[in-house]
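In the two assemblies presented below, chain A is common to both, partnered first by chain B and then by chain C.
And now, the complex of A and B:
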């Protein structure tokens, strides 16, 4: 058994009457890179902020190495470092001052702080921006400054809320390497993202949450296997499918999800069914532009679990 | 225990440094404030000097200078509230509460930041007071310093407390003006105790229990304007004010930070 770094138990968070996260149960193990995946507003940030003791649970509790976020928040904060989704800084601070102060407050002596700040800023390509005020930095650069805080801190648990959002493709790859290196130095990493590619590239285990509830949990291959009908038929039609009758007809082949002009059918023995599917659509007067049979990707798992819009 | 205290102090000190540094960044704002405070001193001092009855206040400029000392602390220490307010609106507070420090250290650091702002800003006005009034002896300096510390603790705690009541910038500004009005016009800054008692009647004690009045009374004694002063009442009163407001700031700031 691997040691649990974070234990989320019956965690519920409400804002007024609105339930942002509902009865979440989740274990995150020491030294893994754990992904929290979900569409906008699904409760990722809310969960991460509660682990970082910024929010209090409405009910349930979260334990970080056995310390409760409600009762032993200071103990928890000593173990956790967080890079926020929206970079948090006063606009009149210079990048270097911001990070130097951060280094001091997380415990570095003065000289040591200067050294580590320079090291991390150079690593992330921030050194040339060091004397810019925060408001002068571009969106992606601000995100890097945010990440730099965690790299400076080297916490036992690093929480990264969409660390590569707004970051260009080249930098993204570099940041993923940096994140993996952080893990190899002993840090447990928790990443929130809605970027499937990022999740597949970086995370070892993933939880998919949707509307505040846990929908799936496992390694990437486990999640792919969890799509009950192993094959996927993807059909692009001439125009958006609004016909509920047609949808119902398609459901004899498997679970259906529709996203504008894309129809996805989760099925088995897909090759044999393709002809029937096209037939069924033709009868309904729907022109098929393109049809494809494939193995599920993480995208498909995600769509399968969260995307069946017409059904809800 | 001792280690805990050491830890708390270093953390609070680091937090305070952040606030202090930012204070000096607003150099133009500072210059404007200083100019305004000196203008207050001159206008009140020189104009009222000829208007106010000399048997009530023999020399208005010597009368008003201790009040300006107190005003300078109010102006500078209260800026910490503005800072905290901006942070609350931009959710920079999320960052602050996620740091590996205790909540006590965070609040203590913010208050200390306000105190340091107050004391440093006041230095120039203290020099001015020495020039205008009677230079204090060492024991009086200690008293003056104590009054300055207490009043700046009170003012920064109060500003932090008030700013957490609403996130609306305009309401925050309105509250700040209201506080200024209540504390300065309901005090002995502009008129002497005798006038207060005559005009306000039963409400007069309220003005005299105000922390501003207490600090000004001590300053007047320290700089040799008045001699008959109840030092125990005024120092103890200030101590009480600063303790109460710090506790209030702690409670409200923390409640507001972690939801």
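And now, the complex of A and C:
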């Protein structure tokens, strides 16, 4: 049985009259890359900041390796490192000063701190920016400084709040590799994102949160399968389909639409049905020119579950 | 890592900021020098010699510049607090709260860091004042520095408590500004306590007597000019005990606040 790294039990967080998160229940397992997916203002950051003990739950509790965030906050903080959504620095700060201070405060001796800071800054392409003031850095570089804090700390649980927002495409891929490497070194990674491509690319399990409530939880394929008739089988045949009987036969696989030589079938678990579809067409003497199976995107899943788009 | 080492490391956060403010420190020093060498002289000429009856014979110029130094110490400590408000605004408080550090350690470290950085910031000004006053006794200098640190730590604790309670940049400006104006004016930084007593305004006298700024400035005066003790209603021991009590009390409140109440969010 997989060990729980984080256990969220009936967690509710209110700010005055506003309920940011309502009755959230969730388990995050050791050494997985877990994604919290939802649009801005859905409660992702509030949940992450409470795991990091920055916020206190209004009701319910969160346990990190069995330690309560309300009663054993210091024990929790020893296990958790966080890269914030907005980089945390003032305009007069220099990246190297911030990271060296961070390394010292998380426990590195002076010389070791210098070494590890340089190593991480070089890994993230920050070394050349080390003596620049924070206001001189681009948004993407600032985000990298934020991520560098976690890489220096090497916590048992790394919380990354929109780690690649404002980062250019090339750097995004590099950062995703860094995140996966962090996990391979034994860290449990929790990522909040509203980037479905990032979620698909990096996360193993995902919780979809919308308006403070958990809407779905599972692996990416489980979530995609949760959309009824969400898979699409697109078939291009040699000639236009005029055979009504053949059409009726295809309808057993799902809803069918025909446009000239293109047949589209909306179905569940399309990958399991595609062979039968081809067989049915061949029996009717139809030559298949091209066939393509498309899954619903996470955006489709989100829309199906909430009626909203991820980027509202 | 030992707790003391962690406290010292947290304190270096404020010192790191100070290092990046060299131009600001230089400008402040230049202004202070003009204030002490030009304006303070001018004001002292306006004040009649009879005021020396109220200062135990200490020349008003000397009385005044120790007051000016205390005011600077106070306003610099307040400015450290403003920096914490700015950090709150920028979300740095969230970062600090997420660090693997006990909240009480964080509170003590921030207060110590604010106090020490105030001391370093105002050290050149103290050197100017003590040079003008021809203070050469290292014991007096050491006691002055220690008392300045205690006083500054108290003011930093006060402002941190206010900032975290108010959670609003605008309201912090108004309230801290009002407290700043009141505390400085209702103190003995510019007027000796016997002069305040002679006005016959009892609340003014009581406020000045209870004011930590009065105790700080009068403690320095007695330290440098023991004859001032003749007119001071409280002795140096009472003043230093008052200052220690003021700082420790506020520090304990700040620790309690960090441990029990403090969370970010809701900043306006």
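What we mean here is this: the second predicted complex is superposed on the first by the 241 of 312 C-alpha atoms of A that agree within 3 Å, B and C clash if a C-alpha of one lies under 4 Å from a C-alpha of the other, contacts with A are read in each partner's own complex, and residues count from 1 in each chain.
The rule is short, and it goes like this: a residue touches a chain if its C-beta (ideal position, glycine included) is under 8 Å from a C-beta of that chain, and two chains touch if they have at least 3 such contacts.
These numbers were taken from a predicted model, which means no experiment stands behind them.
Peer 1: Once the two structures are overlaid on chain A, check if chain B and chain C clash or fit side by side.
Peer 2: Superposition check on chain A flags a clash between chain B and chain C.
Peer 1: For A:16 in the superposed arrangement: first (chain B), second (chain C), both or neither?
Peer 2: A:16: touches chain C, not chain B.
Peer 1: Taking the superposition as given, does A:170 touch the first partner, chain B, the second, chain C, both, or neither?
Peer 2: neither
Peer 1: Across the two complexes, find the residues of chain A that touch chain B and also touch chain C.
Peer 2: Residues 49, 52-56, 73-74, 77-78, 80-82, 84, 86, 88-90, 92-93, 97, 101, 104-107, which sit in both footprints.
Peer 1: Taking the complex as given, what residues does chain B use to touch chain A?
Peer 2: 11, 14-15, 17-18, 21-22, 25, 86-87, 90-92, 94-95, 97-103, 258-259
Peer 1: Name, in rising order, each residue of chain A that touches chain C in their complex.
Peer 2: It is residues 15-16, 49, 52-56, 73-74, 77-78, 80-82, 84, 86, 88-90, 92-94, 97, 101, 104-107, 133 of chain A that touch chain C.
Peer 1: Over in the complex, which chain A residues touch chain B? Could you list them?
Peer 2: Per the touch definition, chain A meets chain B at residues 49, 52-56, 73-74, 77-78, 80-82, 84, 86, 88-90, 92-93, 97, 101, 104-107, 153, 155.
Peer 1: Quick check on the complex: what are the chain C residues that touch chain A?
Peer 2: Contacts found on chain C: 1, 6, 9-10, 12-13, 16-17, 19-21, 86-87, 90-92, 94-95, 97-103, 263-266.
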